[in-house]
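Paired with subunit B in one complex and with subunit C in the other, subunit A is shared by the two complexes that follow.
Right, the complex of A and B next:
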């Protein structure tokens, strides 16, 4: 059975299954969300208004039998935080279940009368529009528990917290994990507010009895899957008991600190004296010492063989939150001058429950610290920000809007954003390639959109001097293009590390996609297909009013020296403009 | 006349999966070594028993370095296995 597009209209409370038009036929995941948003969303529309849409799409291989680590769901729309196109993807249960229902994408459009809230229940029989007024005001932990209890077959629960209901710009979209807990976030860019603007509090997906995913060429799929699986299982980073499995993404805390690229106290230094105390090694130590429900090597979706997630335990060994990622430990830790993992875990829980992107939330608190409202290192003060948001005080609403709104409220000029979105856990002055990605990405400052850290720091996929300017425009573009492809597969982006080093893994990724879809593609087509996606996104942004002048790092990074390297941002604007010259020059 | 051999004092660190080779060190805790001048970073690695195929990156004073680089007095040297994430 050919896959369908499920279009849900919230003004009419209607659902329709549509054939996939030829122009979208080859895409899935990010490629498909960006194609649909490009074609159907007015680039100049208000992100919270009736003309924006939320598009949800599993990747090409999601839902196929035993494709390794292939549970990513792409969420797309116009971002309230950046005003650009946005694709934010997440692990959890949703991708495989949507795919197994025979759906290539779900499009949410229109909006119900003000004050009406719905839980959408998607099954093989169609869509139910259930009243969600009893869930309004509730955090994601309670919402996920209620819906997991209420509906059969351990469904996927996609939902928004109170911040999304209030349509604030730092609202993420939560997906539940195999234990039914929330916290797998399509966090970045405020897409939770776009879902809130549709009047949808939650989407329950039950794939029971669904048609499953058709595989065009079983042999080719199996061949690709084997090559990819072998690469993941062999590589030191992704193999069982490898660095990601044993320590999670937070294995990076000490390493980025050693590279002098760990943004500390709102990007004022590249090293944090408390890095070791909030590192992945420390989390592993706490899990072992506290000996209870905590764990490392946790998986965020069925079939993940990397298993980089963790469950952080409290002093009694009870689970506090899953997951404390590197970015989260950084943004709520080093970035605020806080070196206490118990506080970081509690604040992570608050983010997950309220429906906030952790990166933006930590940077927001840093603005309040930079502005003098809270001292750097003040744990109680930082924690209090979440109380303001939970109570939806006027100040809490400003915090919920993210970094730029908060910076303005406090008169702060050291604002680490590009296109309205704040920077993650890598200092662009010390690691230049990632700065190029932040500056030029179609998404605003985002490390996952072109992770040059691999060759610049980790020696993965090459060996490049982090401090050097030369060649970084080309490097970033290559990574941005490869990422756009991987974000369309349904595979976790972390498969990129083994396949950058092991060529047969790269081929295997492309072959498994070709096997499922029947498309005639191989490893050599990955970058070109990725560039097609980037081009759609760049063109959307151009129509929304963005120009090359928006592809710039924050001004203070050009004149403020960052210790320990004592470097400033030195890449020229001309160099930055090379990244998308192949699109911009077309007009 | 016997020429006295010049000695260097360096600080080294290991992280993540490499910590099992120096289990006495706390997380991020440096080991201070006294080594003869002319020792390379690769030789130090070998002396510490850090397997060649497990060390993916060497850093010296916050920058990537090579196994053949000579250690200098006061260097901060870090051996890193395959890591990434984010």
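Right, the complex of A and C next:
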């Protein structure tokens, strides 16, 4: 059975299954969300108005039998935070279940009458529009529990917290994990507010009896799957007991700190004296010491073989939250001058429950600290920010809008944003390559926009010197293109580590996609397909009013020296403009 | 009176070392351990690793005073000379540091040369025995 597009109109409370038009036929995941948004959303529309849409799409291989670590769901729309196109993706249960229902994408459009809220229940029989008024005002932990109790077959629960209901720009979209708990977030860019603007509090997806995912070439799929699985299982970073499995993404905390690239106290220094106390190594120590429900090596979706998630325990060993990622520990820790993991875990729970992106939330608190409202290092003061948001005080509404709104409220000029979205845990003055991607990404400052692949595989190996500044534009474009492709597969982006070092893994990724879809693609086509996605996104942004002048790092990074290396941002604007000159030149 | 040969006094230096990951057990830790180490002046990284008992093959990323001196599978730091008060951070070979998160960081000239030779964009390196110093 050919896949369908499920179009849900919230003005009419109607659902229609549509054939996939030829122009979208080759896309899935990010490629598909960006194609649909590009074609159907007016770039100049208000992100919260009736003309924006929320598009949800599993990747090419999601829902296939035992494709390793392939549970990513892409969410797309026009971002209220950045004003650009946005794709934000998440683990959890939703990707495989949507795919197994035979759906390539779900499009949410229209608005119900003001004050009406719905839980959409998607099954093989169609869509039910259930009244969600009893869920309004509730946090995602309670909502996820209620819906798992209410509906059979342990469904996927996609939902928004109170911040999304209020349509604030730092609202993320939660997906539940294999234990039914929320916290797998399509966090960045405020797409939770776009879902809230559609009057949808939650989407329940039950794939029972669904048609499953057709595989065009079973042998090719199995061949690719084996190559990729072998690469993941062999590689030091992704194998069992490898870095990600043992310490999670927070394995990076001590490394980035040793390098002098850990943004500290709102990007005023590159090393934090308390880094070791909030690191992945420390989490592993706490899990062992507290000996209870805590764990490392947790998986965020069925079939993940990397298993980089964790469950952080309290002093009695009871689970507090999953997951404390590197970026979360950094933004609520080093970035605020706080070195207390128990506090960080508690604040992560607050973010998950309220429906906030953690990176933006921590950077928002840093603005209040920079502006003198709260002292750096003041845990109780930082906790008060979440109280303000939960109570939806006027100040809480400003905090819920994210970094730039809060910076304006406090008269702060050291604002670590690009295109309205705040930077994650890598200082671009010390780590220049990531700065090029932050500045030029179609998504605003985003650490997952440019995952590295080997340049020789991408065909640029002989042309660039990766150790020189002047090679960074071409590398960044290549990395952004490779990432756009991986974001379309449904595979977790962390397969990028083994497929960089093990060429058969790279082939396996492409072959598994070709096997499922029947498309004639190999490893050599990855960059070109990725560039097609970037081009759609860049053109959307151009039509929304963005120019090359928006591809710039924050001004203060050009003149404030970052200790310990006392470096400033040195790449020229001309170098940054090379990244997308191939698209900009067409207009 | 027989003149004694001039003997230069031997000085000791103290460096601060942190071991991250499973190599922490060489200094009595499990996931992380920090300690002060006294070495002869002019000691270099290979002397420090020998002092700690960390086999060179188990050493991953290595920093001296926030400057990257080595990467997993390379041996670019062994002759780097240590000085009084230096901080050395040493990671296990399983610690990841994706290239996009280290592209442009400060590194030693010796490591830069090694990366030019073996390719700057790798997560891990596996040198043939003949390439190992």
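Following the convention adopted for this analysis, the second predicted complex is superposed on the first by the 569 of 587 C-alpha atoms of A that agree within 3 Å, B and C clash if a C-alpha of one lies under 4 Å from a C-alpha of the other, contacts with A are read in each partner's own complex, and residues count from 1 in each chain.
Keep this in mind: a contact is a pair of C-beta atoms (placed from the backbone, for glycine too) under 8 Å apart; a residue touches a chain by one contact, two chains touch by 3 or more.
These numbers were taken from a predicted model, which means no experiment stands behind them.
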item	value
Partner chain(s) touched by A:475 [first = subunit B, second = subunit C, both, neither]	second
First (subunit B), second (subunit C), both or neither touched by A:248	first
Touching partner for A:275 - first (subunit B), second (subunit C), both, neither	first
First (subunit B), second (subunit C), both or neither touched by A:327	first
Which superposed partner A:431 touches (first subunit B, second subunit C, both, neither)	second
Which of subunit B and subunit C A:450 touches, first, second, both or neither	second
Contacts of A:12 with subunit B and subunit C, given as first, second, both or neither	neither
Touched partner set for A:503, first subunit B, second subunit C, both or neither	neither
Common interface positions of subunit A, toward subunit B and toward subunit C	235-237, 241-244, 246-247, 251-252, 254-255, 258-260, 270-271, 276, 279, 281-282, 285, 426, 447, 451, 454, 466-467, 497, 564-565
In the complex with subunit C, residue positions of subunit A that touch it	235-237, 241-244, 246-247, 251-252, 254-256, 258-261, 270-271, 276, 279, 281-282, 284-285, 288, 426, 430-435, 437, 447, 450-452, 454-455, 466-467, 469, 472, 475, 479, 496-497, 500-501, 564-565, 567
Footprint of subunit A on subunit B - complex, ascending	13, 15-17, 19, 26-29, 54, 56-57, 59, 62-64, 78, 80-86
Residue ranges of subunit A in contact with subunit B within the complex	235-237, 241-244, 246-252, 254-255, 258-260, 270-271, 275-277, 279-282, 285, 308, 325-327, 424-426, 447-448, 451, 453-454, 457-460, 463, 465-467, 494, 497, 564-565
Residue numbers on subunit C that touch subunit A, as the complex places them	18, 20-21, 30-32, 34, 61, 63, 65-66, 68, 72, 89, 91, 93-106, 112, 115-116, 119-124
